[in-house]
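So the structure is just underneath, and the comments pick up after that.
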Amino acid sequence: MLNVGVIGAGVMGGFHARLFATGIGGARLAAVSDADPARAEAAAAGGEVFADGLDLIASDAVDAVLIAAPDAAHHDLVLAAIAAGKPVLCEKPLAATAAECRQIVAADARGLVTVGFMRRFDPAYRDMRAALEAGQAGVPLLLDCAHRNQSVPPWFSGPMIVTNAMVHEIDICRWILGAEYISVRITQVGDAGDLLLAELATDRGTVVRIEVFMNAAYGYQIETRLVGRGGTLVMAEPVLGRVRRAGVESQPFPPDWIGRFADSYRLQDQAWADAARAGTRAPGAATARDGLFATDYCDQIVAIMTGGGAGVLQAPQ
Amino acid sequence: MLNVGVIGAGVMGGFHARLFATGIGGARLAAVSDADPARAEAAAAGGEVFADGLDLIASDAVDAVLIAAPDAAHHDLVLAAIAAGKPVLCEKPLAATAAECRQIVAADARGLVTVGFMRRFDPAYRDMRAALEAGQAGVPLLLDCAHRNQSVPPWFSGPMIVTNAMVHEIDICRWILGAEYISVRITQVGDAGDLLLAELATDRGTVVRIEVFMNAAYGYQIETRLVGRGGTLVMAEPVLGRVRRAGVESQPFPPDWIGRFADSYRLQDQAWADAARAGTRAPGAATARDGLFATDYCDQIVAIMTGGGAGVLQAPQ
Amino acid sequence: MLNVGVIGAGVMGGFHARLFATGIGGARLAAVSDADPARAEAAAAGGEVFADGLDLIASDAVDAVLIAAPDAAHHDLVLAAIAAGKPVLCEKPLAATAAECRQIVAADARGLVTVGFMRRFDPAYRDMRAALEAGQAGVPLLLDCAHRNQSVPPWFSGPMIVTNAMVHEIDICRWILGAEYISVRITQVGDAGDLLLAELATDRGTVVRIEVFMNAAYGYQIETRLVGRGGTLVMAEPVLGRVRRAGVESQPFPPDWIGRFADSYRLQDQAWADAARAGTRAPGAATARDGLFATDYCDQIVAIMTGGGAGVLQAPQ
Amino acid sequence: MLNVGVIGAGVMGGFHARLFATGIGGARLAAVSDADPARAEAAAAGGEVFADGLDLIASDAVDAVLIAAPDAAHHDLVLAAIAAGKPVLCEKPLAATAAECRQIVAADARGLVTVGFMRRFDPAYRDMRAALEAGQAGVPLLLDCAHRNQSVPPWFSGPMIVTNAMVHEIDICRWILGAEYISVRITQVGDAGDLLLAELATDRGTVVRIEVFMNAAYGYQIETRLVGRGGTLVMAEPVLGRVRRAGVESQPFPPDWIGRFADSYRLQDQAWADAARAGTRAPGAATARDGLFATDYCDQIVAIMTGGGAGVLQAPQ
């Protein structure tokens, strides 16, 4: 039984804590830390409570650590977990800056670090990647993604759209294609600039197109399509049922990512816990290096977006 | 942490054992029993091994029992678990005969017994039931079900189609509608008689139509549609992606129930384990009485099918 | 250029008149007759106007006749068209009684009569029939139909559901399967009896199931599914687009048959006109004999429905 | 009855000739011209035959002219039809060069010219435009189009992809949005450069993205999606039925445009003929000015594609 400590009891930390308390086989929620002790206690479900994440990492009651603290704290916490020799699953981003990510990559010789890009455990993304590898699409030419959110507050501005939302596509498209980005062109659409279009060239010839629209109004939706020389793959969306009523047949969209990806988080956390118990890594999980790449690419993209909209991307060193 | 013992290490027992060994939060696989010790050992994944299920039930290492033994053994095993005061999840059927089921119902005063009608935990069925309760369809008039299997051996004959396959619809339609059956008409279609049509009247006025086709060739598929006076509900099927290739867009069917219901078993086992730890019952789970009803209705339907194809159904006493 | 006369300027007559006035190649609307001269004049779009359909049939200005008069008048009008040697397309039913239909069959030695079962020209039905003939489904076991209407007035009662609505399935299922009915079982569902279920056995072993629901509330919809030993065929519905808005993705249903079958009528009228000009018959069109079969089967079904719900059907002589 | 003369008896001319011979109400095929007299005769279906399109235009037997001659001949033929005062429907392009188009625009004071952008009569495009106008999507931000062809010969090279294929999107997106293009960026994907991506800014703020892939292998398909601030509209594709067989449910793609747009041509030709008879213009049909715009935009895009991939577009004067 793997004793898991969760650092941070906000929305994401509370979500993971509930998973480990009730829904992950072979693991149990041993401890929660949060600067707010009441919040930590509520999330701990009877487990130990810490005010400081570093104390949680040090505790003998904790075998493995999940970090859902504020971004700025990731760097120190991840390094502490590495130093303690404990497997760590860190919510994205791996760290607040690419420089910090680089330090983590350098420190993680044993491969203890996993970054929480949960889409890599989503059955629909896995299915698309497997179909591509099985040759169903032939040579991939275009990977076309849409990422729509119902609405965000006004302060969720341009750079955040890249670093908080598009970062998921930046990681998952690399993973599907096994390719690195070499250039990008960004278009901001509409007065509010809340619809971003990115076109990225990759070193394997496939072009990646990404639409991110944070105020799509109708709900949360991910669309992904891979056009190859031999065929086209279209990701399906989870649908439980359709209602025929008042002149239409309708199917609902979830209001946010929970309806689309809650089960991907569960699968990720289960696979991570299984691997942590076995002293291995979950196949396909994002490494510290993947976390560095995601952060660094996003930083480059934000700079290019600010500077004119098109530019060369360098694979991080 | 709930220590679960699994009785029977065949296809279903092995499936549940793997779930409790690796995929159910708050529970662990403590023991497996099987007449074949090698099979039990392989399934136990390091847990204790018993040759006799009664010994497993009696063991202090076991808090709760999952029964996936041959049908004929269910009765004695379930009664032993009740006598030991341990929660028990019994694969369908609850027992080999309605008379045996009745004894279990009489013995289960504390409500320790759950019958493994896993569709009650399937998100799509839950969604349909919730939509009906929310008034989306108005008064339900017709519940229309198809249950198709790729292929079965020739000895999978008429009565087995009812007791092994249609039994799932018999249970789940009662559960969706909150109704009891009052009559049935059966039609066997085709030379092989492997496509059965049933039309059941219920005490709430809704008619249930069931098509079961065990040799549908193309794959395993469940279709369910509820026609009401205010609207119609259509259950969707899980689809991960579609492939456009060689002139068609296609989406796969699973070859058997695993592709459709594996996650429903997980959700069932998780909910059962959660409830067992809490000393309660999982909401919506099938009781011993539900198990009796399913077995008794199926026996009545088989008799009617043999005797002419139409007849009155009595709610079991 | 074929000069077409339309008898009857009600809903259906007006619909056909507009088609021949503006949308059928190689034909033109030459004349319209109706007891109401203003209605006839409005529909004639500049063509000749007759008060009496028999005069229209006799007119030299008319090469071919479309009958959309009240049912009771069909018999005399069709016989007059046959006597005049003019091709005639008669809206269903061919005549008000099977006896009258028999007289028409006897009189129509030259095959001048076509009955307006327009589904035979619907591309989706043609596609299903062609797929069956191409062996895509193997041996057909079950042909499953639903026919739902938004709403009807209370006087649209039990027998009318058979003779006015289900008659379309009675004809089209014979046509798809190339089979005759040998027995039927009818179930009336709900207090209002406005949802009818029919299960028909055929002489080729395929079972036909029909649901007709005249007050389905959500809109007009036809669903058809053919389950065979080698595969299953599912008819699709015409959809122009989907709207994602306010939490759902929706696609509209038409409020009545026009949205689903208007183009089938056009294709039927075009094929009939083409054949009339060529002195042949449109392939697949319903003959006088098909019209007799539809009427006679419906009469038998109504009698069986009244008398108990199950009985033997005789192919008309 | 409108007497239509068709100039050119190749693939498109033959297609239109058959339509006017058999499928357009209120019109008939009066004449066909082609340099190859046998081909003209075969297409004429009994109508008059001309070797020279100018003679056909001049003939008293012809009320209206459809031009499906080689592109280079369009200019002279359209001007001749204008001079003769006869309505003319010219297959795209209106003329071989923008300069020629401009002469036609100048000459067509009476609005006799229609350009055959048949998508404007396609029910799915009309539905999307109507939904946008009805406010279903709110302010349109992104119009996203894919245009895929099964395969083309190697000589169907870069510029032709714009002028022969993408030209349809260039016209229809202007029509849907009521907007003019102000800039474009082109990306050629893959070694063969047979997948083109275009991103066009418009003067109303909406961005148009177009993927054209001439060797998509799986079949012919058009995808169109309009993302607005209030909702998203998704164009559906015509589907007649689905086959469940051998592990998959599949629906076919047509091998070429005929399966997708044959009926749009019929609706266009019918609307054009109706308007020609009435002395008006078909609502929504492309004018000479629209034809100029399509040709001129495509010329500008080809020049930009050759010169670097991004540039400003000028609305034609």
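Going in written order, the chains are labelled A, B, C and D, and every chain counts its residues from 1.
What we mean here is this: a residue touches a chain if its C-beta (ideal position, glycine included) is under 8 Å from a C-beta of that chain, and two chains touch if they have at least 3 such contacts.
Since this is a predicted model, take the numbers as computed values, not measurements.
Trainee: Among the chains, which one keeps its Cα centre farthest from the Cα centre of chain D?
Mentor: B
Trainee: Under the over-half criterion for shared residue numbers, do copies chain A and chain C use the same patch or different patches to meet?
Mentor: Answer same: the two copies use largely identical residue numbers here.
Trainee: When the centre of a chain is set as the mean of its C-alpha atoms, what distance in Å lies between chain A and chain B?
Mentor: Each chain reduced to its C-alpha mean, chain A and chain B end up 36 Å apart.
Trainee: Using the average of all C-alpha atoms in each chain as its centre, how far is it in Å between chain A and chain C?
Mentor: Using C-alpha averages as centres, the distance is 56 Å.
Trainee: With centres defined as the mean C-alpha position, give me the chain B-chain C separation in Å.
Mentor: Here chain B and chain C have centroids separated by 44 Å.
Trainee: Which residues of chain B are in contact with two or more other chains?
Mentor: 217-218, 230-232, 244-246, 249, 251
Trainee: Of all residues in chain D, which touch chain A in the complex?
Mentor: Of all residues in chain D, those touching chain A are 138-139, 141-142, 144, 146, 148, 185, 187, 189-191, 195, 197, 199, 201, 205-207, 209, 211, 213, 215-218, 227, 229-232.
Trainee: Name, in rising order, each residue of chain C that touches chain D in their complex.
Mentor: So the residues of chain C in touch with chain D come to 1, 19-28, 123-124, 127-128, 131, 136-137, 230-236, 238-246, 249, 251, 270, 274.
Trainee: Under the stated contact criterion, what part of chain B meets chain D in this complex?
Mentor: Interface residues on the chain B side: 217-219, 221, 244-253, 255.
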